[in-house]
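Presented below are the structures under discussion, each in the form of structure tokens.
Shared between the two complexes below is chain A, which pairs with chain B and chain C, respectively.
Right after this comes the complex of A and B.
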């Protein structure tokens, strides 16, 4: 048992190192065109920045949104942006999986002794997605400026990164579910986009402005709210819908992990399906 | 001899959803898909010994790729039994992957934007090869494939021949026992082709790597593979030597006779003013004439070549005689087009 765990750990370590090396290859390839990357990031920053304009327009006319002040919505917006930005950055390989399948490159993945998912995840990293993360950081600073009474506690400092990383994990798991669909049909990106881009858009605003069905959906079915809304509520000391306890914010990583494991199992099932049907 | 590949009665049937035309058709297809079964591989048995070099030949869509995918564990066979290097390819896919190398002529596994050496270094980690072994293999392959001149060039800037050499090195760095090559010389010029073939012969002879290659280029097969397997319509049609197939299906050989100039003048002429040889032996016909040359075609069973030469020599003054064997390319084409072996395979199955 002990040696089994040891070999598992050493395998995990080797996989992590391989991941780092594969990503380093991608970075080196992209950085061959440095100017290009820089312009891409700047463009993406301004495009994603535009997404924040409706918030400013709204609060130009109304003092609050269901009791949420501009600074509070900005904080939620920033956290959602950073989560989604990380997912876009690190989930690029999964996001582009339909192309991998279409070009027949998944065969090559299966011809190598390294894990298939590891190879797919590390097949791409899109630096321009740093634009969205930058946007998130800028709005985060703005939000703190708009929240004069806000004070940090050690627990709040813990909840913030946990939430962002958990949110990113759920977003990546959604991308993985979308990629898995590619084993059945290649035309799936739109379905995934509804959940990723649509989810980011919806969750940039307080969850309670939506009907209860949609709230339940993002809490219990596709738990994106655990990475965005719930941690934000914890930071702001706001109550959660359905009388859920605020301490749930600390459970975000577990919920995200569970969702990711389900997505992973579905992926495995998809790979088996690919092996029996071809593409 | 120990087997590297053992496949017994391998078959693969694909379910292909047929699309109905129009929007209502598309909707109907979702609810009630019209499924067609395509038998890509049928009852294929193949045994390849360690150290062999076998050419897998067949027209497009014959089932070659499907066969290779089943042998590598990418695809699960619908029926039959397969072992490669003693492993079950599907259940032990990753273990098998570290013991085989695969080169697709049309698809590179190298990192497009980076220097070749970066890809070759990274593969060590993808395959978990010991550092020392990797260093030795890389040094050997660099020498054999002359990689040094373009090791630091981004792959996208390599010529097709250089890229193929890079891909071969990439596939061999982890010391595979078995190398699958899919169209390894496609699109290459004559010199590059010769170089690749030379290399493949060398690794087969020196390292004992078993090679299974699919190709459309019959020169590849003639020069590399003592054994050839022909597949068409998912069935194995032929398994044997290249020479034997020429013997069996070679059809007619050609004799080119160059007659003495004085002799030509005495021979009867056709309407175009070209000489015509009269009263040829049975089974021999004149196919072309361009004084002083005359082309005679004759069946293998009609008469031995030396008798035809003797027959000509007795009647005409010959300056030169040469023979042309049928091109293996033509032989194979005839086999596909006329279904020569297909009917045979079906017949033998019925019996």
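Right after this comes the complex of A and C.
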């Protein structure tokens, strides 16, 4: 038993080292064109920034969104943006997986002496996605400025990063489920986009404005709200829907991990079922 | 020659018919986003019944009209022309015995007709079923809308053409395209109706070409533009359409004269 755990740990370490090297390779390649990367990040920052401006415009005409003030919505928007930005940055390889399948390149991946998932994840990192993370950070600072009564506690400082990382993990797990679907459909399906881009849009606003079906869906089925809405409510001292306890914010990593493990198991099932494509 | 362009448009229309599943998925996306925005607006209107001259029914109609029109007027991520410039295929289009601009224009008009029937109508109908906001009944508004929507579609084609031919000068022009589309979406009132803008920003937006892409047809549809104001807005739409078309056509001819073929 002990040696089993030991070998598992050493395998994990090997994987991590390989991941670091492959990603470093990607970074060096992209940074060959520094100007391009910079323009891409700036563009993406402007694009995502323009997506936030509507929130400010709405609050010019309306005092609150079902009791949420502008600073509170901005805080939620920022946390969702950072989560999603992290997922876009590190999940780029999974996101582009349909291309790998279509070209028949996945056969080559399977032949190499390393885990298929590791290779897919480390095949790409999109630096321009830093634009969205920057946007999230800027809105976060703005939100704190708009919330004069807000005070930090050690527990809040813990909940914030736990939430952002958990949210990113759930977003990446959705991408992985979408990639798994490619084993059967070859094309990426727009359904994945509805859950990622649509999920980001939906969770940028307080969950309670939606109908109960949607609320339940994003709490219990695809638990994106655990990475975004629930931690934000904890920071703001707001009650959760369905009488859920506020301390649930600390459970976000567990929920995210469970969802990711399910996605991982589905992926492995898909890999075993894989029949080659390409021409 | 007109028969040729009509045939190009018909071919483009028929080509779209093949992507049945992609269209269905896109339709679901439009419906999902329409629903999210509707919930946001319904929640906002809890605080007051009327804002910027809109009640909640007006604003729901507006949101779903935007979702219904967006593929006709302002397709996000349309890089078809840009890709032919990158691959070098553009040379074969340039040497066709027809006008380069009107060739793409006809193709896009065919595609727009497809999206009007198979994306726009179903999206708006889905919104009506989900949120029960109905359609405006004024026949004059419908008539004006029927004039304004094609103008908007043509304006959208000229604008898409503009940020696509940037690829003649910059090879990786996708970032330019993304930014150009986002700016257009914002200033056309696709994110927030222009009436909600602060007055100084609204005044600027009214004079930009993007006003005619979404805001003008949508205002007409809602029955908020009548009489003299309607004529002024239609006039601005026509003005920008002519100006932009002449502009991009001359830019395209400059580009074509100094074209260096890529690919091989």
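The criterion applied here is as follows: the second predicted complex is superposed on the first by the 273 of 279 C-alpha atoms of A that agree within 3 Å, B and C clash if a C-alpha of one lies under 4 Å from a C-alpha of the other, contacts with A are read in each partner's own complex, and residues count from 1 in each chain.
Note that in this section a residue touches a chain if its C-beta (ideal position, glycine included) is under 8 Å from a C-beta of that chain, and two chains touch if they have at least 3 such contacts.
Bear in mind the structure is a predicted one, so any value in this text is a computation, not a measurement.
Visitor: Going by the touch definition up top, name the partner, chain B or chain C, that contacts more of chain A.
Guide: C
Visitor: Per the contact definition in the header, classify A:151: touching chain B only (first), chain C only (second), both, or neither.
Guide: So A:151 meets neither chain B nor chain C here.
Visitor: Would you check which partner chain A:3 touches, where first means chain B only, second means chain C only, and both and neither mean what they say?
Guide: Once the two structures are laid over each other on A, A:3 reaches no partner at all.
Visitor: By the touch definition at the top of the document, which applies to A:105: first (chain B), second (chain C), both, or neither?
Guide: Only chain B; A:105 stays clear of chain C.
Visitor: Just to be sure I follow: which residues of chain A are touched by chain B in one complex and then by chain C in the other one?
Guide: Looking at chain A, the two contact sets are disjoint.
Visitor: Touching chain B in the complex: which residues of chain A?
Guide: It is residues 14, 17-18, 21-22, 25, 28-30, 32, 103-105, 107-108, 110-115, 119, 275-278 of chain A that touch chain B.
Visitor: Within the complex, which stretch of chain A touches chain C?
Guide: On the chain A side, the touching residues are 36, 39-40, 43-44, 46-47, 50-51, 53-54, 57-58, 60-66, 128, 189-191, 193-194, 198, 201-202, 205-206, 209-211.
Visitor: Give the list of chain B residues in touch with chain A in this complex.
Guide: Those in contact with chain A are residues 14-15, 66, 69, 72-76, 90, 93-95, 97-98, 100, 102, 104, 107, 109, 111-114, 118, 122, 125-128, 154.
Visitor: Name, in rising order, each residue of chain C that touches chain A in their complex.
Guide: 22, 25-26, 28-29, 32-33, 36, 39-40, 42-48, 51-52, 172, 175-176, 178-179, 182-183, 185-186, 191-192, 196-198
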